[in-house]
Amino acid sequence: MSSNFGENIKLSIFGESHGEAIGCVIDGLPHGVELDMDKIYLDMSRRAPGKDKTATPRLEKDIPHIISGVLNGVTTGAPLAMIIENTNTKSGDYGNLMTVPRPSHSDYPAYVKYEGKNDVRGGGHFSGRLTAPLVFAGAVAKQILEKKGITVGAHILKIGSVCDEGFDMLNVNKEMLESVSKKSFSVVSPRAEEQMRAEIEKARLNQDSVGGIVECAVTGLPVGVGANIFSTVESKLASILFAVPAVKGVEFGKGFEFGEMLGSQANDQYCIKDEKVAMLSNNNGGILGGMTTGAPVVVSVAFKPTPSISQKQKSVNLQTMKEEELVINGRHDPCIVPRAVPVVEGAVAFALLDMMI
Amino acid sequence: MSSNFGENIKLSIFGESHGEAIGCVIDGLPHGVELDMDKIYLDMSRRAPGKDKTATPRLEKDIPHIISGVLNGVTTGAPLAMIIENTNTKSGDYGNLMTVPRPSHSDYPAYVKYEGKNDVRGGGHFSGRLTAPLVFAGAVAKQILEKKGITVGAHILKIGSVCDEGFDMLNVNKEMLESVSKKSFSVVSPRAEEQMRAEIEKARLNQDSVGGIVECAVTGLPVGVGANIFSTVESKLASILFAVPAVKGVEFGKGFEFGEMLGSQANDQYCIKDEKVAMLSNNNGGILGGMTTGAPVVVSVAFKPTPSISQKQKSVNLQTMKEEELVINGRHDPCIVPRAVPVVEGAVAFALLDMMI
Amino acid sequence: MSSNFGENIKLSIFGESHGEAIGCVIDGLPHGVELDMDKIYLDMSRRAPGKDKTATPRLEKDIPHIISGVLNGVTTGAPLAMIIENTNTKSGDYGNLMTVPRPSHSDYPAYVKYEGKNDVRGGGHFSGRLTAPLVFAGAVAKQILEKKGITVGAHILKIGSVCDEGFDMLNVNKEMLESVSKKSFSVVSPRAEEQMRAEIEKARLNQDSVGGIVECAVTGLPVGVGANIFSTVESKLASILFAVPAVKGVEFGKGFEFGEMLGSQANDQYCIKDEKVAMLSNNNGGILGGMTTGAPVVVSVAFKPTPSISQKQKSVNLQTMKEEELVINGRHDPCIVPRAVPVVEGAVAFALLDMMI
Amino acid sequence: MSSNFGENIKLSIFGESHGEAIGCVIDGLPHGVELDMDKIYLDMSRRAPGKDKTATPRLEKDIPHIISGVLNGVTTGAPLAMIIENTNTKSGDYGNLMTVPRPSHSDYPAYVKYEGKNDVRGGGHFSGRLTAPLVFAGAVAKQILEKKGITVGAHILKIGSVCDEGFDMLNVNKEMLESVSKKSFSVVSPRAEEQMRAEIEKARLNQDSVGGIVECAVTGLPVGVGANIFSTVESKLASILFAVPAVKGVEFGKGFEFGEMLGSQANDQYCIKDEKVAMLSNNNGGILGGMTTGAPVVVSVAFKPTPSISQKQKSVNLQTMKEEELVINGRHDPCIVPRAVPVVEGAVAFALLDMMI
């Protein structure tokens, strides 16, 4: 099991959901970067649960506590270690999960792989809570990218049957990205928010959950970040995005729609605009030959519905090897997607920074 | 630029389309593996061009020549180096590409990144031809996996508007995978082949190209391959699949469809079958918490249409910085998807073997 | 700056000498290992300062606090994070070091490299104190190796002009290694201890310091650990040993003495002993072709004298660029070597475990 | 077994002594570097055997043949692949080595590790011949370093009882390094060469071999290359140097001599010279806190005597498990050290370039 990412900036994530603390070490950050802690707290709070009915009412105070690598608010160049103490965990709720695995959760393969030795309380190291250190690392990365004129922002493209307006792949700009990435429920259209909230509430009332899609864009990238074969921008971004629990699909630009297109429709032709090379479309989502083209990078990420639902489900008892019905107690997000937006932004930002340093 | 992949088995790919040779080094293979060269040649020929009208008529004799790491047909444990000599290349066809980039190709970002120093003949190191060493490495990996009872097979799920029957995610078996992975035009349904060939021929006659989707499955995997956070099976497979030129989307199980689903529809519930843990569905494509579940791993890969089309396209001259129309000469695949099937199989096999050693 | 080590087990070390805490994350440990904390505390205390006059009287309570990866005293397979809180630090003592670098310390190159942004209090991330997490990680590794019948032990071979008896390279055994690795002043011969203590006391009274050599051996290793070219056991061990501050030389078996030897003297000839392959000598220190031979691995490590001495020294003021005399206040080890013994053991143990998993 | 080195520039070495060819892939070189092939050939010929009586009379034409990554003599930024064809090998000479291991060679552990599947002809992948690709990679690295004003040069410090003048650690300069690194028998003092040749001839006549020490220095490095903990310059250089067959010790600056020194003798005090920070001595060999100090980097490397000697030696038959006397036929270097000088230079150059890119 390796919870490490990065070639130039190495991120090591640790902790269990109901253990003493979770956190991370970020090794390889440039020295001399003044950190704006308020911006970091904002992203942490966008991910944190308990804000409203769309999310679990558990109160987690996700306050990141930096213990090394920063002096007087400025990075020193030494590894930055951060911990978040765990509070308000009710381990009792998870008592029966060791032997009766929750459908579509990591419980069953983890039981087999770790022979019952892994910490199952609250999902242990497999918990979605472990995305908090990733949001932290991403928030740090976003600040460093910002100083290079690069902006990362994401929004909820879809929840169930409701869609937000997609980004204009060719023209999405910094202002749009800053606008959505400040919201706790990140959408372009206020009307979409209303309908999405209704969709989530409906799932919640039915003791059910609902999936969705997050769309993320990056503006201001220079031409030529990444490389071909095993170092494509797509490889690196997909690699970190599939580390986020519940992510089951990643596509760039037109993505799966390309499968139905002709070359004459799909190709992004060139023009000259303001004496610079520009494109007439950006179907490739800002990446050609694995390298950035200067157009916005656009990536979409599919999330499956939260597997924890309160409805009765079929499972098996791993010790008696008999079938057993399972009812999952505790409170769970009827939709993880709104809280996943800053996770996607952070993951994308961290991977890009790693490629640029 | 790094053309290296793998943590336990390191694959290093080299060469340019119109250089002297392309090839790879595979470092970390187990010793004592008897290689069946005929199986390797079969996969090489499935990828090779010139077989019929769906592919470029250029004749490339993709004969892999092993120069180290194998003695009397058996791996020694030392690095396996392989080269494929380039023949029959017509560099003259590519003369104007240095200054007038082909739309949706790597030409423009490569020009900026390498300041005109990269080898542009035939796409150089960016050419799709560089997937030949990946097919070779994958064919070696497939043989080693086979000895562990693991089978990898893929088929064309879609070309343009034509779909093949999708794999039965829960029940796809070894026989089905062996059947499709022997074909040079890999489909489940013969009728789909006919329609797909027609779709490709239509594009060819229109001097156009068409995209598609490849679906790949793996049976026989033990429970617990992979891990969570940054070592998920999804991360590793996506990372290597996005190294294949023209790939723009990767999804596992229901993938993007999950965005519209409810948890009660999406969850894979458990049962007991033949005294073993089994599932009632496999929407997650055989992976939970980043680990294999014992159900077949199912991944779909979206390919954009070949960007090289003979129609007149808009581009710019990078030296004069003026707009210019471009006509691409030479013969190009109207659809890359049929030849991409063994590339997808090989990439998936190599990444899985790397995770299991 | 990368404070990461390991290919299969990843060790990430963080913290600054006078920051809030130091610690590490160990990612990739096997699950199900019951940790004997007393053995870990023993190694921590062997490294800790303040035990007697040979070491700095600063009291550092090096109590490792595990915050993840261990449940009920047993490893879970998830990353093990550990922190040691810093207490009793007197930052005032180091006030002038930013501008007037201490000779033979990291101060000057760190000042240039980090442009004055690095934490200089107590040496910051460059402090010898950062060996405490390495001792912790090594103590964990030693326990896992012990369960495989492998024993690691080291002793002070030399301090100044005083030598301990060297290990018998061919016959050193588990009992000998356990005996020296339990001592807080690790030597084979009690008489050597007495003379070494006198040598150190002499240096201390002269406001000076003294260097030395640590010899480490490992018994019980199977044949064939490691590999040739870039994966030799020598490469891996040297790589981690040169991470220990003050280490300036590493040799295996006869090491530099080989430079004067003939092949007929140096070669380790084979014999049969107890129906097994054995050797008549072990000049190669248990490693041939980069791989273990089954004979004890023997490595010697040279430490330079502690650069912090109280005598007046010549230095320069980096801001005024004028020469300046420097007197280092505070209390410093007149000899670091006795405390370095568990660091060497831990480093060797960790690197070997990483190669064997 | 991993024959890969490098974090930013990845070097993958392949081939067997008596196989078809040996070679390497260098991935990550900067684009636009014009290669001076004559300089590369010079280093290859310094390593090549057969020049005179100090070396084996086997004729190996070590002509490196570049097959990718270079266009019109200039690097393209794509992976540089190079092969050297093997000629004039007499495999018959090695017939009995599979079952009766040569003392102090890799034969025995390789037999156990690879279960008899490794290629034993001429040492296979374990042969010293595999240093030829390292010399090639190092010669490329030296050229890139030269353009940054950095010079790498080495000489034979010692063979048996004969010593050359050591480098002046503080004042060794570019001219001195260029002078020794042009010689095929690299020494500072012509008288030392004469005596060393006599020492080697004496060993040869006695059917014996003799060891030695190579000293290497690097001038022109900026301050601050490398970092502390696991990224020290010492760690990186030792890691690559211990990849060279027969190397058993590595030390920096005063190295093992530090064990006898006092801090007041050992410390390198600072002064101002030409308005710059300078040192009064360079006992630390140009490295403090793992980082370069601006003073010359000085490293010494101990080589054991060639284990292949013609005298009768004791060994065992691994199949009958009986003791057996062994006489090694074929012609072997009575001293490997003169040919090892460009290997040390190349290894040091490659590792430094990897740290600087």
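In this document, chain identifiers A, B, C and D correspond to the written order of the chains, with residue numbering beginning at 1 in each.
Basically, contacts are C-beta pairs under 8 Å (C-beta built on N, C-alpha and C of every residue); 3 or more make two chains touch, one makes a residue touch a chain.
Predicted model only: the values in this text are computed from it and were never measured.
J.: Taking a step as a move to a touching chain, how many steps at least join subunit B to subunit C?
T.: Each step joins two touching chains, and the minimum needed here is 2.
J.: Taking each chain's centre as the mean of its C-alpha atoms, give the chain farthest from subunit B.
T.: Computed centres place C farthest from subunit B.
J.: State, to the nearest whole Å, the distance from the C-alpha centre of subunit B to the C-alpha centre of subunit D.
T.: 40
J.: Measuring centre to centre with CA averages, how many angstrom lie between subunit A and subunit D?
T.: 47
J.: With chain centres taken as the means of their Cα atoms, state the distance from subunit A to subunit B in Å.
T.: About 27 Å separates the centre of subunit A from that of subunit B.
J.: Return the residues of subunit A touching two or more other chains; collapse runs of consecutive numbers into ranges.
T.: Correct list: 1-4, 13, 113, 125.
J.: In graph terms, with chains as vertices and touches as edges, which category applies: line, ring, star, complete, or other?
T.: The chain contacts form a single closed ring, each chain touching exactly two others.
J.: Can you work out from the touch definition every pair of chains that touches here?
T.: Those chain pairs satisfying the definition are A-B, A-C, B-D, C-D.
J.: Mind pulling up the subunit C residues that touch subunit D in the complex?
T.: Those residues of subunit C that touch subunit D are 1-5, 11, 13, 101, 103-110, 112-113, 125-126, 130, 158-161, 203, 206, 208-213, 223-224, 227-232, 234-236, 238-240, 242-243, 245, 247-272, 275, 277, 280, 283-285, 288-294, 300, 302-309, 311, 313-316, 318, 321-323.
J.: Could you please specify the touching residues of subunit D with respect to subunit B in the complex?
T.: 1-4, 10, 12-16, 19-23, 25, 27-28, 31-32, 67-69, 71, 74-81, 83, 113-115, 117-119, 124-125
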